[in-house]
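Next come two complexes, and both contain subunit A; in the first it sits with subunit B, in the second with subunit C.
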Partner chain A sequence: MSTRKPGSKELPIGAVVTKSSMEYETGDWGVEKPQIDLEKCTQCTLCHYFCPEGAITVNDDGYPEVQNNYCKGCGICAEECPVKCIEMVRMK
Partner chain B sequence: MSAKQILMGLNGDESVAYATKQVNPDIVAAYPITPQTIIVEKYSEYVADGEVDSEFVAVESEHSALSSCVGASAAGARAFTATAANGLALMWEITFIASGLRLPIVMAIVNRSVGGPINIHNDHSDSMGARDSGWIQIHCENSQEVYDASITAWRMAEHPDVLLPVMVCLDGFTLSHTMENVLTLPDKVVSDFVGEREFITVEGHMGETELRLNPEVPLTFGPVDLQDYYFEHKLHQIEAMKQAFKVIPEIDAEYAKVSGRSYDLLHPYRMEDAEVALLGLGSTMGTVRHTVDQLRDEGVKAGLVKMRVFRPFPSSELVDALKDIPAVGVLDKSLSLGAPGGPLYEETKAALYHLPKKPLIANYIHGLGGRDTGPQLIRGVFESLLEIKDKGEVGDPMNYVGARP
Partner chain C sequence: MSELNLKQASRKPEGLASGHRLCAGCAHSIVVRMILKATRGPTIATSATGCLEVATSIMPYSSWNIPWIHNAFENAAATASGIEAAWQAMRKKGKGPLAKYETLDVIAFAGDGGTYDIGLQALSGALERGHDFTYVLLDNEAYMNTGIQRSGGTPFAAATTTSPAGRVIPGKKEWKKPIDEIVIAHGIPYVATLNAAWPMDVMRKSRKAFEVDGPTFLHAFIGCPRGWRYPMEKTISLSRLATQTCMFPLYECTLEEGRPVYKLSGPSAAIARRPASKKPVEEYLMSQGRFQHLFRPEKRDDLLDSIQAWVDHNWEILLEKAGV
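This part shows the complex of A and B:
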């Protein structure tokens, strides 16, 4: 992170947040990412509801999709998937 | 021209409650604790009798009292609370949050010793314990000052260059439960003086907006603020404290125009040719003034400096007031256990450090747990200072006035 950060005079008073959380990508926090085996997936969407980051969206075909730039790698989706079709894979 | 005033018999707590009633803040969230209780009782009566528009939030703890004020103030409300001693200790976490989020809350501190051992009487261990939390602190000598500060505090807190919460400090029992004559302004004069709360605009994540919670243009208050930004936000608070040096006298001057009563950061008394002087806070300074007058009648060149505003600490005014005085005594009504001296003494010494020629300076801890500090004891302090002046050295600077060795 070599970009210059704003100095105190450029920052708003009150420590209010200056950018939307959409721009605050937390995907590099974790060490593992979920990999979903769509062959076994029953489209129950539980992973979508359980993900604390809202990082699993459901596509037009009804299948879950992981937004890797927001996934923190907590593994809750893999734990909760009733058919155990999510595997947490260590990132390189 | 100053307004027509009504003379009332009010104790310190009632002065807070009455002034606050005239300010009519949007919310008052408070938990009763001796010796602040009268404020909560009185204000609840005003609410029950429909004399104010304020929402009274009967919280279950002081932590919740200040937390409610934080939420309300962030939403743009005027929020008031009051506490004392262990109540302030329970608020401690939130005191930093209120200041860090730049919320102009006003809180009366009815100074009481922080237990244990448990004691309900006056000293300054509560507000001194909160001195690093980023609040402006005004210390009052009598109920008139309490009334006036309970009005001006709002303008200081809400000034766009300041935006810091304010503690109005009054000595428990000595002021809180002692009836005095207090000149009060008409309601309209007070409401005109405090006006409406102003808001600065900030650039939030949805664009430019007023610094308050508003569902139309959302802002996030109090986010996690880590190594890369927290320090800069502290610079903001440092700058706000600096601005307060400028803003407080401006507001006091404006208030003097409507009330006829003028206030300053520091109040020196008979200091022009003084050889010995006492510096201190709050109600003790009334006793010191009485003693100074007596000593002057006897030909002793005694003076005093009352510090009204302790945060921000008026170093340069203090240097001007004390630099030519041969011997200065600092009255502390609290301890900083294990430190070289009391907090006021230490900060005064630090302020004087750069002078080529400094006064001899000693610390007089007094009044802990409500121990009475009458004129005889203050006279003894002046005698000790005269001895220091004659000897030309301080010896042990620590004195515990009125304590049995």
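This part shows the complex of A and C:
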């Protein structure tokens, strides 16, 4: 005697990711965070492209803004900034 | 968005969201973000198993802001073919969820393991059938996701966990597989190499790949701080060095009247014009832990010379093909 098992319509949806990874903050991975000296910044936007996390956004005025709650502190932005206006600072 | 420039594209919403769990300093997300900024509109992506796939789709989170299909290690190209064929069929019948799209950018992301070794037959089949999709090879030169095992894309003399450098062997004994030539031999309309150090070049080539009708192939150079053993902030400077030493030249290859036509891109064309600006390959090798056995305890000039000879040889062949 076999009992009828639930079909595809009754079963809950499986293997479907339901949340954006924006809800998972990776900011606590890093030890150092970038500090941008906006007076020296030339708005070249390279730090925005070189950031692996997408944690550097460009605001309406064209200046970069760091989202510290996602920054993993790799330091690529500070290394690559053509005018060296980004400095990595140890967080407390 | 039709015109591409750095300022404009920086305002475009991200295709790959923050909060993914790739290592700090990984170049995967840098290149993928740039490529997704160059899309024309509706986009569907698929990923073969690899660092990118495992780090962006950890249950219950997804980093993809575009429709994205997960598949097995070997069939990224086959899945992309299926997506493209489904879209074409829906367009023809005039019904179905994809029927309304005039253009659709179908992208297959795969690593070097999923391209050089495991996914080669699926890739070859998809190129031969001529589906209109873009295959992106994210080449970090070993199976980094499972713990740095050597692949067909690993360069000569690189130490990996399955080709460790020691008294018996000096790291990997074989040379890197010429994947671009294998792909170009299929007679597809567009092949290009990408390096994250030149964002505009990456986006321009990606846009061109999406616009071209038929299968296109993009070979991206991906630095891996963990597997290559270098400090994480050096990812971009090391990638730049790879092109400046001609270890990874930048070029594109189009098909004109059935013949492959090679064209060097910006940084490599500059080296072709001024050969003195070509840096010695030693500079590139020295900065990475995976090549340290070439310098310590004693310097292995024989191996360094053979790597330099290999680079020079391939560079000369490329110059000949590009007619420089």
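Criterion: the second predicted complex is superposed on the first by the 74 of 92 C-alpha atoms of A that agree within 3 Å, B and C clash if a C-alpha of one lies under 4 Å from a C-alpha of the other, contacts with A are read in each partner's own complex, and residues count from 1 in each chain.
Everything that follows uses one rule, which is that a residue touches a chain if its C-beta (ideal position, glycine included) is under 8 Å from a C-beta of that chain, and two chains touch if they have at least 3 such contacts.
Nothing here was measured: the structure is a model prediction, and the numbers come from that model.
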### Query
Which holds for A:11: it touches subunit B only (first), subunit C only (second), both, or neither?
first
### Task
Could you figure out whether subunit B or subunit C reaches more residues of subunit A?
C
### Task
Considering only touches as defined above, state whether A:28 meets subunit B (first), subunit C (second), both or neither.
neither
### Query
After lining up the shared chain so the two structures overlap, which partner does A:45 touch, if you call subunit B first and subunit C second: first, second, both or neither?
second
### Query
Touching A:19, do we find subunit B (first), subunit C (second), both, or neither?
both
### Query
Of the two partner chains, subunit B (first) and subunit C (second), which one does A:37 touch, if any: first, second, both, or neither?
neither
## Note on the structure
Interface residues of subunit A shared by subunit B and subunit C, listed 17-21
### Summary
In the complex, subunit B touches subunit A at residues 100-102, 163, 200, 202-206, 211, 219-223, 225, 228-229, 232-233, 235-236, 239
### Query
subunit B touches which residues of subunit A in the complex?
5-8, 11-21
### Message
Help me check something: in the complex, which residues belonging to subunit A touch subunit C?
### Response
17-26, 29-30, 43-46, 48-55, 58, 62, 67, 70, 72-76, 78-80
## Note on the structure
Contacts from subunit C onto subunit A in the complex sit at residues 6-7, 10-11, 14, 16-22, 24-30, 33-34, 56-63, 65, 196, 199, 225, 232-237
